[in-house]
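The following pair of complexes shares a single chain, subunit A, combined with subunit B in the former and subunit C in the latter.
Let's look at the complex of A and B:
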């Protein structure tokens, strides 16, 4: 039997006065970590709000853990751990009260794991939430989501505002969650270093549209920056799958999203250097390319 | 009532416990001051009245307005409940929270009228109508807080409902069938009393039902 996809979005549209999320389709399989990457205002948080039932789509279909959203959100949210950088706990209650409150709602709450995380994150249950630093607050919210052992973790910019050590700790915990292959994570961020580190599938989104979605390794294999030196008077023929071209006298820098040995062979002896690109470079090149295409 | 609903209602009581306790104590102090004689009666009753009204406004604003403003709403909505569940829980939970001091202070005011020898029992219908008005007034503030995120609209609602108290007292004074019996030795439960009480009950029912049909059916919750 095929396991139920943890996230299914099909041709989803959501319009606001100054922003429209258009024709968004994406899937997340059990056991996957998907990084949802986009610049500020790209539509990442809107996508996540649609997935958690906070917003209803104007068109299209959304299913989370097999449940139609937002209609069956109460059922779906039993198995979703949702954390957003905007989410706040009750300031006048202690963190311990929050743990007790959440543990009384979720039967799968793992007390032992919660205690381990309290130690690891350096939190104090007896402390009032209003006294937590912003980093501690993020850790506290994440602990409440992780210790309930959800099948799907939806994280909206969870590491923003955290120092590198705290980010490292949290990303390690996310990896730990995925030891169980029935669990999955959707992780939105504009920090491509974090996304590159933990995601196995990446979706780029910009100005309300999905611009590319693929396995991380596929992205890293497909994208290359190639530096060429052309003989005097020579011109470069039109090449397919060219994302950008920068000319500097005899030197040309090409960026392609379909790198292959055949392309290298076609370019011949003029090739001076072939550079692998990191996710940030791929992300920026991808966004700029799609903005250019849309502008045309 | 399912487990989650009762947990969330208990959460309202826990988070607002000091407000509930503090308001009840302040209102009781007002009643005790009122019991100390004719001069202090007005001061004490003003304190009693202000406490109930201010408590209702603060409860609705802190629990709904601040939850939105301080972004704890996202945390609550990440729990396994629908928008409809959230609205229903807020209506029931906050009504129950309000009923604690309202009941104590309402019973206290009635007792004061019955016990104090210099207060005529004819004031009893007025005390009951005033308590009914406070409850209807609170339900209107609660209903508004559930329907609007605008601080401007809420300020307008609060100003209007506060002015409503003065108007209500004037109105009672202007209705001869109520005013004429205020200083009677025994309470008069006439048809005018029941009509006004009926209007208060209808306001209560409408304002507490409206969120179920409007706010609970909202598709976007931000």
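Let's look at the complex of A and C:
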């Protein structure tokens, strides 16, 4: 038997007055981290709200940890840890009070792990949460989710607004969660450096549509920028699988999302340079390419 | 936690190649002798804060190069650097042969047919 997928979205649609999430399908297997990447207003938060039962889809199917959403959300939520930077704590209560409160609701609360995290994150249980800095606030909310040891962590922009040290601490903690191959993480971000580093799968969305979803290594292998110099007077025929092509006299810059040795052999002697692309470059090229296609 | 390996995001090489190169260096220097068990993929991924898929890719490629040997459910080990048929590689060979014998049986091949196919495979390797 194949293990239950932690996230399954099939042809999901959710319409608002000025924005529609359309035909969104994605899967997350246990033991994986998925980075959900998109520009502002792409639909990342809407996707996360659908996954956490805060919104119901107009069409399509959503299952989280095998439970239909939003119908069976009470069951699913026992095993989902959800963190967003919009989350508020009770300002006049201490952080220790919050830990006690959450541990009274969730039987799987791991007191020992909570103590370790308090140390690691440098938090003070006796402090009122109204006095926390924004970085400490994110860590506090994240600790409350992590110490429940949920099978699925859903994190909405967890590292935005954090300093580099705090970001490093958080990323290490996420990877620590993944030592257990039955747990998984979905996190949204527009910080492609973080996503490139820790994600196993990457999903790009833009303007309410999925534009690409695949293994990270697969993305990095498929995309290349190729610089060519053509003999004077020669022209390059139309090529398949090009995302962009810029001609500048004898010099041509190609961007492809289907790089192969065959393509290189076909281009022959004119090839001056083949460059790998980082995730940020792939992301931008991908978004621009799809906007162009949709514009036509 | 093992964290002697460094991953640079300003290095033009992909992260999996950086991991491979640093593992190769440790083996070449003798710090990691033949037969030494490597950290598990998930443990190394956690130690480096690098995705599991990247670490897995590095291990797979090292395995294809014959630098390490992975035994299912047991872990990955440094292979015999001299290319001599080390104990681990022999075990690996036996595993593959057992799997081939199993498939042969499923297909209803006779022992002789299966052996003939192995001889043909050997000839094909020689041609390369």
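FYI, the second predicted complex is superposed on the first by the 296 of 296 C-alpha atoms of A that agree within 3 Å, B and C clash if a C-alpha of one lies under 4 Å from a C-alpha of the other, contacts with A are read in each partner's own complex, and residues count from 1 in each chain.
Criterion: a residue touches a chain if its C-beta (ideal position, glycine included) is under 8 Å from a C-beta of that chain, and two chains touch if they have at least 3 such contacts.
Note that the structure is a prediction, hence the values are computed from the model and not measured.
For the composite obtained by overlaying on subunit A, subunit B and subunit C can both be accommodated side by side without a clash.
Touching more residues of subunit A than its counterpart among subunit B and subunit C is B. In the superposition on chain A, contact of A:271 is made with neither subunit B nor subunit C. Legend: residue contacts after superposition of the two complexes on their common chain; A:199 is shown touching subunit C, with no touch to subunit B. In the superposition on chain A, A:82 makes contact with subunit B only, not with subunit C.
Once the two complexes are overlaid on the shared chain, A:217 sits against subunit C while remaining clear of subunit B. In the superposed model, A:10 lies in contact with neither subunit B nor subunit C. When the shared chain is aligned, no partner comes close enough to touch A:236: not subunit B, not subunit C.
Working from the superposition on chain A, the subunit A vertex angle toward subunit B and subunit C, CA centres, sits at 140° in steps of 10. Here the smallest spacing between CA atoms of subunit B and those of subunit C, following superposition, is 27 Å.
Applying the stated touch rule to the two superposed structures, the subunit B and subunit C interfaces on subunit A have no residue in common.
The touching residues of subunit A, when paired with subunit C in their complex, are 31-33, 168, 171-172, 175-176, 178-179, 181, 193, 196-201, 215-217, 220, 276, 278. Residues of subunit B that touch subunit A in their complex: 3-4, 7, 11, 14-15, 70-72, 74-75, 77-83, 85, 219-222. Chain contact summary for the complex, subunit C toward subunit A: residues 7, 9, 12, 14-16, 42-43, 45-46, 48-54, 57.
Against subunit B, the residues of subunit A that register as touching in their complex are 49, 52-56, 70, 73-75, 77-78, 80-84, 86-93, 97, 101, 104-105, 141, 145.
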